[in-house]
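Heads up, there are several structures right after this.
Each of the two complexes below includes subunit A, the first together with subunit B, the second together with subunit C.
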Partner chain A sequence: MIIKRILILPVLLLVISFLTFLLTSIVPGDIAEGIILKQGGQPTEETVAAMNEQLGLDRGLFARYGQWLIQALQLDLGTSWVSGEPVAKELAERIVPTLWLTSASLVISVLITMFFGTAAAYFRDTAVDKAILGFSLIMNCIPEFLLAFILLFFFAYKWDIFPLVGYGSLEHLILPSLVLGFGIGAGKARLLRSSILDAMNSNYVAMARAKGLTKWQALKKHALRNALIPIVTSFGSTVGFLLGGSVIIENIFNWPGLGRLALQAINSRDIPVLQGYVLFATVFIIGIYLIVDLLYMLIDPRVYAKRSNIHG
Partner chain B sequence: MADVKKKMNVGLLLSVATIACLFLAAIFAHWLAPYDPNAGELSERLLPPSKEHWFGTDHLGRDVFSRILFGARTTFLVAILITVGCFVIGTAAGVTAGYFGGWIDGMIMRAVDLLSAFPGRILALVIVGIIGPGLMNLAIAMIFTSWVGFARIVRGVTLSVREREFVLAAKLYGLGNQKIMYKHLLPNVLPQLLVVIALNTSWYMTALSGFSLLGLGIEAPHAEWGMMISEARPYMRDYGYLLFFPSMAIMIAVTAFTILGEKLRDRFDPNFHR
Partner chain C sequence: MKHPLLEVENLSVSYQMENKRVQVVRDLSFSIDRGETLAIVGESGSGKTATALSIIGLLPDNGKIDKGKIYFDGKQLAGQTEKEWVEIRGKKIAMIMQDPMSALNPVLTIGRQMEEVFLLRRKEKVNKKRIRQECLSLLGLVGVTEPELRLNQYPHELSGGILQRITIAIALAGKPDLLIADEPTTALDGIIKKQILSLLADLQKQLNLSILLITHDLAETATLADKVLVLYAGKAVEYGKADLVLKEPQHPYTKSLLKAVPTMDLDKNIPLFALKGQPPKPGHLPPGCAFHPRCPIAEEKCKKDDALNGLKEPGPYGRYVSCIRPKEERKKLLSAIKLKPERSSKITNIFSGENGAPILEIHDLKKHFKAGNFLSRKVIKAVDGISFTVNSGQITAIVGESGSGKSTLWKTIVGLHQATGGEVYYLGKKLKTMKDKRAFYQQVGFVFQNASASFNPRMTVGESILEPLRAAKWNPKERNGRLERLFELVGLPMEKRNAYPNELSGGQQQRAAIARALSVNPKIMILDEPVSSLDVSIQAQIINLLKELQEKLQISMLFISHDLPLVRYFADQVLVMHHGKLVERAKCEELFAHPTHPYSEKLIRAFLPSEEKNKTVHLLCHSSHSEMSGKSLQNRERTLPSKV
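Up next is the complex of A and B:
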């Protein structure tokens, strides 16, 4: 299953990048016109033709796509239509902020998931469980931008504890990563709770309890490990999404990451940057799926055993 | 056990009632709204909530209550558009794949795998980025990324129903493939699809507001909750109510659809335990 997913991603990469080319080729005149207007020029027939030639839009779709693909394999993603900088360089500058935000939100969300998920499962059907479920339902339903504004309203405007927006220090990192971490962690805590409860009903946990283990020991040593398997899977796609740059949060907090770059590229119709971004995000996601696959073997030795059985 | 069942119904009832109210507000916005949602009176800008303006007025002097009603209309319109699109494409693909099997199934499911491997939000953003902003384009991007969920469920149910007696009987009776699909398969799929529709709707609403916030959704004068929040941002320090009311609208709508979806799942999906 995971192998299939990893094999499918390069295909996805090809399909998406080709789709990008297909769609942009439908409206090349508009793109050239738009760029000329942005640079303060007059879009006449000649200037549009010249711009099309400069951007390479006068050549056929497949010729352009082939060239882009060959260059991309050599890590040359072309130059931005707006800034004239190499796309690879623009992307490289944006990775670090996105990595910071991703890792901080990931740590927070893992802590929330583990803490709330196990607590709710352990105190099943008590007030603690209900409070956690209610809280995480609300957290799950609040759109992330809303949580961002609520936190900004109190922590930055009213109480002036954290800086408003921007990038550069640890204080700047706290609010955006709290927003992302809570939003992600709340949903996964609910998932972990039901996953643990399923595991607690199984025979091996009953066996462990019969051996004399306390409820907590059985949960920690036996149920949790199995319950974590679906959670790890779901974290895989979450990290993929985070590494693509959480566009909304990065824009609200003026965070100079990949998501902000993508929005800037969209607003200025900077297709090479957008294509580079898609390529980048996909490569990241492939990497994450690989890591998740490795984590699987760590958590669940059966996966590895099963696979080696199948292959001989 | 009886207690659990009673509680389930309360949540279900509350969420259905909330959705019905919001839906009616959206349909009858013209009659319910006390003011024109897009006409501002600059002399009446940034008024706090009062008898005349229940939710106050915004930075252009527009009535916030009226804008929220019309915002509900936008939200529901887009959500319905996306749901219908996903339903048509997803059901057609799922039934075809499950009913015919073989290479048709293989091809359709490869496309589904391909699309669901990539985070939907990034994909939707890129598609909107390429085909341009606007409500219709946003709906297209969302349909493109979320029909796969429908297709998967429909295919699964179709596979399990295909060999059942009533379908075989219909086949023996000489009913055409198309008739069998629509008369006998669809009714079996609907309950599970309702769950997906309810849960997905909450994500469509969140996404619509998010895209509007980024300037990729609806165009400026029209009312939309996410855009109202984004417009309120420069004034949020002193005029918190501008942020509060549209936020509550989004929260209530999204929560209602999430609870509805989860209650329906408890009811229809025997494999899902809470």
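Up next is the complex of A and C:
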């Protein structure tokens, strides 16, 4: 099954890269004209033609795609139309900050999920449960930018504990990853809570209690592991989402991540950068799902059996 | 003074439901001695599980013991703190559950789940090797083969019978004095069921174990129990020594239940004895004696609120019957209840059997599943070359253990599985094109085991029943007319058409499912375990209904079941399946009188009386084969054992 996934990867990349390539013919307006205007020039017939030639847009779609593909196979993703830098280099610069932010928010959200989800389930229907549910509902509903501004106001402006915005140190990392981590963790905590409660109603938990395990032991040893199965899937898609870069948070905190790069590329119609970005995101997301599948096999022994056995 | 191991006094339990408290157990008293088995018998909703859970302190959060005392070894359990309970559970009182498949954690190995019990009990450093030894010897005790291997396996790799043995081993690990067995064999097949019951009986003798058996199965009760408590709507209706209660039931409910159990000596020409009506839902009990609406001998007095007041409370060992009719009068009235005479219509005999025209012919049907990965390919032959014919108006039963391929067979016939090989002829015509097949599938009505799951919970019953007609493009007027007719046929009141499935009782749901199956006017119906999840008293109603429909409408039926007494009563022709092969095919009477294949014989024997504990077993399933054995031995086809 994993081999199948890896084999399918090139096909998927081919399809997705071609689809993004189509963008150049779909975007409204003339790309060359736009770039000339942005650079402060006058779009005359000659300059536009020159720019088109420079960008290679004078050739047909398939010819361009073919050339791009050959280069991409040699790990050359072309050069940015705006900055003139190689796309691969631009991406590489942005990946590190994105990885930092992703892993920090992931750690925070996993901690929040586990702690709040388990506590709420254990203290079901008590004040603790209700407080956690209420808190997570607020966290879930509050827009990211609002939470970001609230945290910035208190922690950076009023009390001056953390730097306002920017990138470079661990302290810069804390506020943006808290904003992302809380937003994600709150939603998943609710999911984990109901998943645990389902598991607590199962026969095997009743059996575990009858063996003499306390409610906490039964939850920890029996319910939790089963309850985590759906949560792992949902974290998989979240990580994919985070790796794509969260545009709003990166913009507020002036974080030089992939999301901002993508946004800039879209604004300036920097198609090579955009293509490079999409390609990168595809590889990463497929990779993440592969990891999720591996985790599945680790958590749930039935997965392997299910895929290789059909019960008549 | 010697006191019983468990003594329950005036136990009342209630559950908090949305906005009211619902009493599920009312004023219950009983006791169990060391080494003794008490069976609590009752239908679903009778409060038997709530009773068991109160004794082991595991009532759900919305459940509460309102009053009453539970003495275990002289110690009061009701109202204990959680900390005290942990000392009791698993160590003094252990429990096994109905469905062994779900009672074990799917993500942990058997070994991990067994060790846990030992690890729990010792605070000091534990000797892993010794624990492993103990696990192995426990598995040996309950008769699990290859115990070493089992410890490293996961539940999904094992069969229900082995899993139930393992849960018993886990329950015994803490050396409990009392084992609560909550429907221990309900999810198991006949042969396995019998093995588990005799295992429990053996263990009890060996370990001087007391068992609280929660069951709805009277045959199981007869095999295992020393004492019986019959519950109805949370109240004890009869209590006493098992042989007395089962041999001479004194309460009309006990008597009716015993009569409703299908046995191997049922007369095929007489409708099954069925209790009228439905068991009451907890929280909606009728006034007075809760049984009075269904009671054959109820009188005006029974409906009064105080009907059962002033009846003598049970002594710890004394027999107890809660009925206000005096004993002698009751006895006379009960023995006077006559079953309905023979069926009015005798048409059935003209068409059934081999006389009707063949409606469905199956030739060498095969369904093989590929399994395993590319390293180790396996082929599972779920259905392996099966041929048979269903004649018009004939009931063909398919029997066999779970995993024998019964369900795969019918699913392959109707195209839910793509057949690997073989042909299906419908009305003499071979199904070749997709069009042929689709026309055939539309002529088949389905009824599944779990009626509630086979209905879309967001659609009213009426809509669900009419759906096939809408697909077949009937106009609204025709549809409505049809619906009325269908409701009448299956005995559902018309006002239920706008009810949602969860508003119907189990029996009504199955009636609605039958109505849906009949809506397209099928020539053939497929019934996959249609009554096995229903209570005994309801089961008989549904079987009678099916038989009546079959006679009225001359529908052929394919009846998949593991309940052989029922098959014997219901079917005309029986197919015995084993490992995907047809091992025996015979007319019903012939098969039960003279099974030729050893496997058929084994299956049948699992339903015959055993010599476990009580002679009363014979009362439940003594068999009178003699009367049928005289019939001719023609018309049978058999696969010889050597072919398997």
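Note that the second predicted complex is superposed on the first by the 285 of 312 C-alpha atoms of A that agree within 3 Å, B and C clash if a C-alpha of one lies under 4 Å from a C-alpha of the other, contacts with A are read in each partner's own complex, and residues count from 1 in each chain.
Following the convention adopted for this analysis, a contact is a pair of C-beta atoms (placed from the backbone, for glycine too) under 8 Å apart; a residue touches a chain by one contact, two chains touch by 3 or more.
Nothing here was measured: the structure is a model prediction, and the numbers come from that model.
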item: Contacts of A:Lys211 with subunit B and subunit C, given as first, second, both or neither; value: second
item: Contacts of A:Leu111 with subunit B and subunit C, given as first, second, both or neither; value: neither
item: Partner chain in contact with A:Val96 - subunit B first, subunit C second, else both or neither; value: neither
item: Which superposed partner A:Val15 touches (first subunit B, second subunit C, both, neither); value: first
item: Touched partner set for A:Lys221, first subunit B, second subunit C, both or neither; value: second
item: Partner, of subunit C and subunit B, that touches more residues belonging to subunit A; value: B
item: Touched partner set for A:Val247, first subunit B, second subunit C, both or neither; value: first
item: First, second, both or neither for A:Phe149, with subunit B first and subunit C second; value: first
item: Doubly contacted residues of subunit A, that is, touched by subunit B and again by subunit C; value: none
item: In the complex with subunit B, residue positions of subunit A that touch it; value: 4-5, 8-9, 11-12, 15-16, 20, 23-24, 137-138, 140-146, 149-150, 152-153, 157, 194, 197-198, 237, 240-241, 244, 247-248, 251-252, 262-263, 265-267, 271, 274, 277-278, 281-282, 285, 289
item: Residue ranges of subunit C touching subunit A (in the complex, touch as defined); value: 56, 58, 61, 82, 86-87, 89-91, 94-99, 102-108, 116-117, 120-121, 154, 156-157, 167, 170-171, 173-174, 180, 367, 369-373, 380, 382-383, 403, 405, 407-408, 417
item: Subunit A - residues contacting subunit C, complex; value: 124-125, 202-204, 206-215, 217, 221-222, 225-226, 299-302, 305, 308-310, 312
item: Residues of subunit B touching subunit A in the complex; value: 110, 113-115, 117-119, 121-123, 125-126, 128-131, 202, 206, 209-210, 213-216, 226, 229, 233, 236-237, 240, 243, 247, 250-251, 254-255, 258-259, 273-274
